[in-house]
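Consider the two complexes below, in which subunit A is the common component and subunit B and subunit C are the respective partners.
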Partner chain A sequence: MLKFVLKRIIYLIPTLVLVAALVFLLIHMIPGDPAAVILGPDATAEDVASVRQALGLDRPLYEQFVVWLGNLAHGDFGVSIHSKRPVIDSIGERFPVTLCLTTLALIFALVVALPSGVLAAVYHNTNKDYLFMIGTILGVSVPGFWLGLMALLVFSVNLGWFPSTGFVAMWEEFWEGLRYMILPAITLGLFMAAVVARMVRSSMLEVLRLEYVTHARAKGLSEWKVITKHALKNAFAPTLTTIGIQYGMLLGGAVVTETVFSLPGLGKYLVVSIYMRDYPVVQGCILFIALVYVFINTIVDLLYGYFDPRVQYS
Partner chain B sequence: MFWKKFLHNPIGMIGVVVITLNILMAAFAPVLATHNPLTINVAQQSEEPSAQHWFGTDEFGRDIYSRVIYGSRISLYISLFSVLVATFLGVAIGATSGYYGGWMDNLIMRVMDAIMSFPAILLAIGILAVLGPNLSNVVLALGIVYTPRFARIVRGSVLSLKEKEFVEASKAIGNGDAYIIFRHILPNCTAPLIVQATASLAYAILAESMLSFLGLGAPPPAPSWGNILSDARNFMMDNAMMTVFPGLAITLAVLGFNLVGDALRDVLDPRLK
Partner chain C sequence: MSGISLKLRKAGLALLAMSLLLALSLPGLAADKPKFGGSITVGLNTDLTAVDPHTSVAVVNAIVLHHVFEPLLAYGEDLKLMPVACESWEANKDYTLYTFHLRKNKLFHNGREMVAADVKFSLDRVMDPKISPRAKHFTGVAGVEVKDKYTVVVKLKKPFAAFPHLLAYINPVIAMVPQEELAKQGGVFKEKPVGTGPYMFSEWKPDRYIILKKFDKYTGPTGPRSGLGGERIAYLDTIKLVPIPEESVSIMALLNKEIDLLQYFPPKYVEKYNKSYAKKGLVLNEVPGLSWYQIYFGVNRPVTSNVKFRQACAYAIDLGKVTQAAYLGHAKSNPSIIARGSVYRTAYHDTWYKFDQAKAKQLLKESGYKGETVVLDTTKKYIAMFRQAVAVQAALQAIGVNVKLNVVEWPVLLKKCVNGDFQMLSYGAGGTPNPALAYAYLKRGGFEDAYPEIKKIKEAALMTDDLKTLQGLYEKAHRITIEQVPWIQLYNYNYLQAHWNYVKGYKTINTGYPILWGVWLDK
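And then the complex of A and B:
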């Protein structure tokens, strides 16, 4: 087991280096001189030269990359051009909001997807199943951010059930903070709920055909036990991979959701920094979110073995 | 056989109808639109839907119905071309990588994995943040982001096919690599490619609307659905209807491709039924 975990972590290193390299190359895709683009048309030649030096743009590309990678390894994500603060500090302040949002969206998605997917499989090819399929295909077709705008209009502005402006952090006042998070989390999680529900349905259908399920029924187990203890545990392994991959949709979608609901998370910070051409922050945010995504999928891989012991830890 | 099955699939047919309507809307936009989508009319700002302005007007007095109609052009253009770019790059990369193998295959696929390590929309945002927002950059950004999905499919097929006897036979009679790839290998992976392309079209429409909403898509005043929503957001309190229609348009367009995608998957890949 330990060997498997270590192997998986070592396997991660080239991926991480390549991810970092892609983010590093991004800034070099700026047409023309990045320093001049960052400063805008009114900058003097000295300003441009000093920014170029500050960003290390005057050195050869590979040297810049090695230095940048070395800094990253020390947790140095660069310094914001706008606020002059270390990027990693600003990320640290905002990431908890994004983490809360995506986690609540994940919880919502699973609470909706698992029971509905299982029920659709149990009621395969009945009206309930068809209704489920219609619901999920709508779920993957509706743009979450539009749904967010509509929800804001109906539930916050017209009905006044949820606050429409301002923000309270959940870790400061849990219940009040939750009120600010419910609409964003639901509209963000809906797409994932639909994708995961379909995955649960199709894996359950596959499992329910197998002989061991018939055997469990023949033993006289209750249908509830057959489904939850025997079928669902096996059907969950492929679902887990889907959840891991879909978590990326949550992280990416959070950028738009945070903008719609004005949540002070990493996504909104990224968007604002793009408007201000604060490239070190843009680089830092994108890299950080990608690292979180890679990390979560590694955990999913490791968990996979629990649900599907056929995966050998060797 | 395939077409017969597909034509008998009601879900797919509904999808085809929705997509056709969308294409007709884009093609006949000048006929269908009641106003010029860009004309500013200060006398008619933020109006509710009326006989003259079916979906109302925005804060510049522009006709929202006409903007939504013209918006289908941008959305179709971006989705179609970004998926074409992704398919072309993906097929080229996947076929080369799988066919020649070795260290190059390893390196290419690691890069593909690295691209897939980013949430798709996030990488597109990053590319557009750097290149600047305009239509061809959106096509390029989404094209790059979706390339690995196609490359993986093609590489997988190439790896299993290149050991087959008919490929061996073709080599033995002296056919070149390019001929073998195009004549023998690629035709055998069109089914999964078509399924992937249809799904990607749906994603691309969603992604384009998100990018425009963030101000990273078609630059204003272009009437893209995401732009209309982004404008609407600031005037939502005064004119709620402005938010409803562009969202419905996006949903329908995405729905069409998703329905066809589902139907194709059922027909082409019976395993997943």
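And then the complex of A and C:
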């Protein structure tokens, strides 16, 4: 196991260097100039050239890349072109918000997806199953942006249950923070709930047809025990992979939810920084998200062995 | 009955009427009397990008930092210059020497008095190209000297009558900053800016809120408030500014009273305001703004280099219709770069091509246009720029011009604009109250190089501050734009801002910046 973890960490280094190089090249290849954005609509070409020089953007690209990579090796993600604040500080402020949002969305998704997926499999080809299928199709097809706005209109403006804007950190004031997070987490988690529920349903359908399940029933175990103790554990292994991938995607999908609900998360920060061509922030944020993504997938790989004993770590 | 008794009865009735009037008006008077204290929450459409007044030109930064920092001079509502951090200023006869007499006992938020050395430090910092994006505009300054504790002299390399306008820039604030606070924060304000304004910067939680607190020891200009000039009384204890980028969410937050004032009220909600919001107690302000929107021509590019082609376009475009399409009726068409209401504007600036498709077609034929594709660059970042481009495309297609819209991201459009890399470009910019500085934008698209006369007019305008002379020069500049059509100025849009009726003393100004000194709450 330890050998496996160490191996994964060693593989991580070339992956991250590759991501760093790609991100650096791509963001510099996109048309647009941070100097022009800093100066705004009233600038002249001379003004832009002067600011580019001050920012070191007139230096050859490879030189800029080497400097950035060298700083990264020392844990220095650079400084925002616009705010002049260290990128790592801004990531440190915003990542907990995104993490909180995505984790709550994940919890919501699992709470909805697991029982409904299992029930749909158990009641396969019945009205309950058809209802479930309609529900999941709706869940995957409703755009998060629209859903967020509708949720605000109903629960915030009309019913007054939740605030329509703003943010209170759950680690500062738990219950108040939760109030600010419920609508965004449900909005974000609904898509994942639908995807995971469909995965649970199809895995369960496969497992329920296997001999060992029939054997368990023949032993006289209750249906509840057969499903929860024997079938679900095995059906959960492929679902876990989906959850891992989906959780990584939540980090990206959080952008829309963060924008609609005015949450100060990492996704929103990244998108704004792309629009402003704030190169150090974009590079730092994408690299950080890649790191988190790889980390989540490593955890999923490790958990896989628990759910599926056939998996060996070597 | 004598006339005396009649007079007495009349006097009695008059007294009774006056008493009644007084009694009726007393509650109103009480409500309109400013109250100190309280906290206001204001919705902004985006978050701060930086808190150093000298390093950025993002509008949102200037909106916040105008409360925290002060320039030497500022624009009044009529675009006349008014003193802020100084008491008065004067220029020598040939406009090469400017003397500023500072306000005494004006304190920074750290408690230290602002003196001439701070003004020198601040202006030197603004002129440093490594710090300030506006440094290039100050290259005409030979040096800043401290004459005594409260007097600063700015020497220029050559006469420049418009120099004080540079100090009154709306964005960024040419702010007075304390050197020691900058030194503490590594040479750039990153989180805790310190100025001399009526409000102190208390806290910034990125993408969450910005808190400003009243500065109790503030002293500043006197006299009626006008634009960014005049008295600056901080009635409110706290100002909380929250970024809400999504328009519909900002309206929901306003209706929920989670915010008291909204910086940008989207025009598409005006109808709903008239139908229902107004009855609930919301107040909507609509004020003509200084910002202008236009179509630039690349005068050295194929097809658009032909003046007859450009004139044909001018005849084909109905300014009123384009304005309506772009701003849904909340803008006023204006063929001149000089905003309506500006002291420099004369009736001549209303002169422009009258919509005439027959003449447009005739000129197009004379220009030798053979149906080539003309690219009109635009963006959706600012939706009015896109809408006006669509309207212009339709107008030009109606006379047979093959216009292709090229919708790009805002940073790409900015780059195209500053590099003059376009045939036609749909654009807009914030107000530049000094027209001489605004006509400098004719550099874009290569017009200034192709037509040096305009540069001469601009330079002549920078050498004088005589209103009549300036008005004459600007009429001449406008005549050239009519003859040569390097751009088609479309409109100045109105600023729409909404607040609840318990927010008192709030005025929307022509820069569109929500200014919160002089504002109080009557809850």
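The definition used in the following text is that the second predicted complex is superposed on the first by the 273 of 314 C-alpha atoms of A that agree within 3 Å, B and C clash if a C-alpha of one lies under 4 Å from a C-alpha of the other, contacts with A are read in each partner's own complex, and residues count from 1 in each chain.
The rule is simple: a contact is a pair of C-beta atoms (placed from the backbone, for glycine too) under 8 Å apart; a residue touches a chain by one contact, two chains touch by 3 or more.
As the structure is a computational prediction, the values presented were derived from the model and not from experiment.
In the superposition on chain A, A:294 contacts subunit B only, with no contact to subunit C. Of the two partner chains, subunit B is the only one that A:27 touches; subunit C does not reach it.
Judged by the touch definition given at the top, the superposed model places A:138 against subunit B, while subunit C stays out of reach. Of the two partner chains placed around the shared chain by superposition, neither subunit B nor subunit C is touched by A:106.
In the superposition on chain A, A:193 makes contact with neither subunit B nor subunit C. Touch criterion not met for A:232: it reaches neither subunit B nor subunit C. Judged by the touch definition given at the top, the superposed model places A:19 against subunit B, while subunit C stays out of reach.
Touch criterion not met for A:281: it reaches neither subunit B nor subunit C. After overlaying the two complexes on the shared chain, residue contacts for A:84 are found with subunit C alone; subunit B is out of touch. Looking at subunit A, you'll find residues 31, 149, 152-153, 157, 259-260, 275 touch subunit B in one structure and subunit C in the other. Interface residues of subunit A, counted against subunit B in their complex, comprise 14-15, 18-19, 21-23, 26-27, 29-31, 137-138, 140-143, 145-147, 149-150, 152-153, 157, 202, 248-249, 251-253, 255-256, 259-260, 270-271, 274-275, 279, 282, 286, 289-290, 293-294, 297. Across the interface of their complex, subunit A is touched by residues 110-111, 113-115, 117-123, 125-127, 129-132, 202, 206, 209-210, 213-216, 229, 232-233, 236-237, 240, 243-244, 246-247, 250-251, 254-255, 258-259, 262, 272 of subunit B.
Residue ranges of subunit A in contact with subunit C, taken from their complex: 31-34, 36-48, 50-51, 53-54, 82-85, 90, 93-94, 149, 152-153, 156-157, 160, 163-167, 259-265, 268-269, 272, 275-277.
Interface residues of subunit C, counted against subunit A in their complex, comprise 43, 47-52, 55-59, 129-130, 133, 135-136, 171, 188, 190-191, 205-209, 242-246, 248-250, 252-253, 255-256, 258-259, 381, 408-412, 414-415, 417-420, 427-430, 432, 440-441, 443.
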